[in-house]
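In structure tokens below, several structures.
You will see chain A twice below: alongside chain B first, and alongside chain C after that.
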Partner chain A sequence: MTRLSYVRPMEGWWRRNPYYVRYMIMEATSVIVALYAIILLVGVWRLYQGQAAYEAWLAAQRQAWSVALHGFMLLAMIYHAYTWWKVLPKTLPLIHVGGKHVPGLLLSTTGWTATLVVSAAVYATVRWCGL
Partner chain B sequence: MPDSGKIIEIEVLRYRPGQDAEPVLQTYQVPFTDDMSVLQGLQYIKDYIDGTVSFRWSCRMAICGSCGMMVNGKPELSCKTFLRDYHPGKVRVEALANLPIERDLVVSVGDFVKKLESVKPYIIPKEARSLDDGEYLQTPAQLAQYEQFSSCINCLLCYAACPQFGMNSSFTGPAALALLHRYNADSRDGGKAERMELVHSEEGVWSCTLVGYCSEVCPKGVDPARAINMNKTASAADYFLRFVLPKGAAK
Partner chain C sequence: MKRSNAPIFWSLFGAGGVLSALLAPVLVYITGIGVPTGAGMPVEALAYPRVLAFAQNLGGKVILFAVIALFLWHAAHRLYHCLHDFGVHPGLPTKLLLYGSAFAGSAAAAALLLTIGH
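Coming up: the complex of A and B.
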């Protein structure tokens, strides 16, 4: 006898649950992180080409559309950093210290704090150097 | 019969093979009291309104894993989900997502049982011991390495939460892989090398993209996403170690 079980379609699956929407945004931000890495690499390449090329690249970064793009990429980067540390504990072996389980949230919080401290230090250094 | 005077609307996704070409929603008005679970709402429908509605259930206390279904779009055990939390809104119950519907709220579990068997969910002793050798000893620290993964009740909520499984049913999936890890992480077990072949495969951990919803919906506090993703590290380590170790850590 043939079984007539019904398999439901998966189209639009990621819109069915806010959890999936957040997952898709998290995945999409990795593309933006890659895009920003390319922009920086182009900067290094222009620096290698000489002062004039580098100045031109810097001037391009100061265009209004570029500043807006960087603002958008910064937001994406912040969300990416947030989710990166959020899922990190899922990839680590179970950690026990003094017989007690170290909760994932503690690991994530450590990561978030480290990101904030390092970002603030880099920003302060850049400001202090007058860049 | 409940006589609180309160009525809730329950929509049930019906699928009667041979009769319905595709699933359709059917609505029932169900009187309820605050202590009634969604499962009890369905039992009311079956007993007093429509005897043709099909669903699985057994223990009514969140341990048998039979009554999993989508409740307002989320995978839940219907016995530990309460009608009062949805009233005065309505409740929509559907068969667990990502799994084939056999009839109404009943899904096929045959494929899952095969996957469960494929992970060898039993201890393969490291060394043969006779009864005279006594029991295997284990420290609390060794127990802690696998204990939470042993709480799985095979309810399949994690499969309903996993879009990767929905798009590719050959993926071994969260519960089976969590159970695989439960045995691999057991200090008494010696079967890790056998199980790692499945871990490495396309159907193993690498089909997971860390959506992570499986761990959110688990009613028993198991963390299948962690079991799977820490095995990606183990799988990658095996891959690279074979270049370094004389005989290799993996085949």
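Coming up: the complex of A and C.
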């Protein structure tokens, strides 16, 4: 004899709560991380092929749809960086300095600051000093 | 007891997470918006001779390889664990496909970067 017990459907579970929606957006940004790695890999491949191929890749980057796509990817990467540092204290073991527990917010703030400092440094280097 | 391979994938995931949290926004802006449109960035910042010289330099090779490979491993690991949340229960084939793609992309980047400049 089989028991016909009710199983709560899990379809679309994460859409029922904004907290889980944000969690799923965070997880989905990894698709963009992969997409960007592939765009860079194609760029390296075109560079390997020579000047004409590389300049065709640069021309593709100038297409309006490509710039729009990168605008969307930029927003996704900012969210990705924000959430990476935000959840970091939950993924690390408790850290103690001088016998005192380092609060999670301090770790997150350090990470957000590091992203801002590194971004400014990379921007300034590429803009004023070249690669 | 058989040792788990999870720490290796988790380390690659974590390293890729840190690197992408630090670099992905500014890199997407530079290569996808700033240089193509000239908004806040000189158009010649990614001109062929400059990027070629960067990719011929050992430091440049290491940076390009680390960004491409660790971004791929980070995404593969997170996607593998996220599929479960979307109601797909991945098995070994999915794991091989995702981690295999990350491995193939890393190997391609390494091969190209080792060839450029010889």
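Heads up, the rule we're going with is that the second predicted complex is superposed on the first by the 121 of 131 C-alpha atoms of A that agree within 3 Å, B and C clash if a C-alpha of one lies under 4 Å from a C-alpha of the other, contacts with A are read in each partner's own complex, and residues count from 1 in each chain.
Note that a residue touches a chain if its C-beta (ideal position, glycine included) is under 8 Å from a C-beta of that chain, and two chains touch if they have at least 3 such contacts.
What you see is a predicted model; the values in this text were computed from it and never measured.
Contacts of A:90 after superposition on the shared chain: chain B is touched, whereas chain C is not.
Shared-chain residue A:99: touches chain B; no touch with chain C.
In the superposed pair of complexes, A:14 makes contact with chain B and with chain C alike. Counting the residues of chain A touched by each of chain B and chain C gives the higher count for C. By the touch criterion defined above, A:41 reaches chain C but does not reach chain B.
In the superposition on chain A, the residues of chain A touched by chain B in one structure and by chain C in the other are 10, 14, 27. Chain B makes touch with chain A in their complex at residues 15, 17-18, 22-23, 73-74, 97-98, 100-102, 108, 140-141, 144-145, 163, 166-167, 209-213, 215-216, 223, 225-226, 229-230, 232-233.
The part of chain A that touches chain C in the complex is made up of residues 10-11, 14, 24, 27-28, 30-31, 33-34, 36-41, 43-45, 47-48, 51, 54-55, 58, 61-62, 66-67, 69-71, 73-74, 77-78, 80-81, 84-85, 111, 114-115, 118-119, 122-123, 126-127, 130-131.
Those residues of chain A lying in contact with chain B across their complex are 3-8, 10, 13-14, 16-17, 19-20, 23, 27, 87, 89-94, 96, 99, 101, 104.
The residues of chain C lying in touch with chain A in their complex are 16-18, 20-33, 35-37, 40-42, 45-46, 48, 50-55, 60, 64, 67-69, 71-72, 74-76, 78-79, 82, 85, 87, 105, 108-109, 112-113, 115-116.
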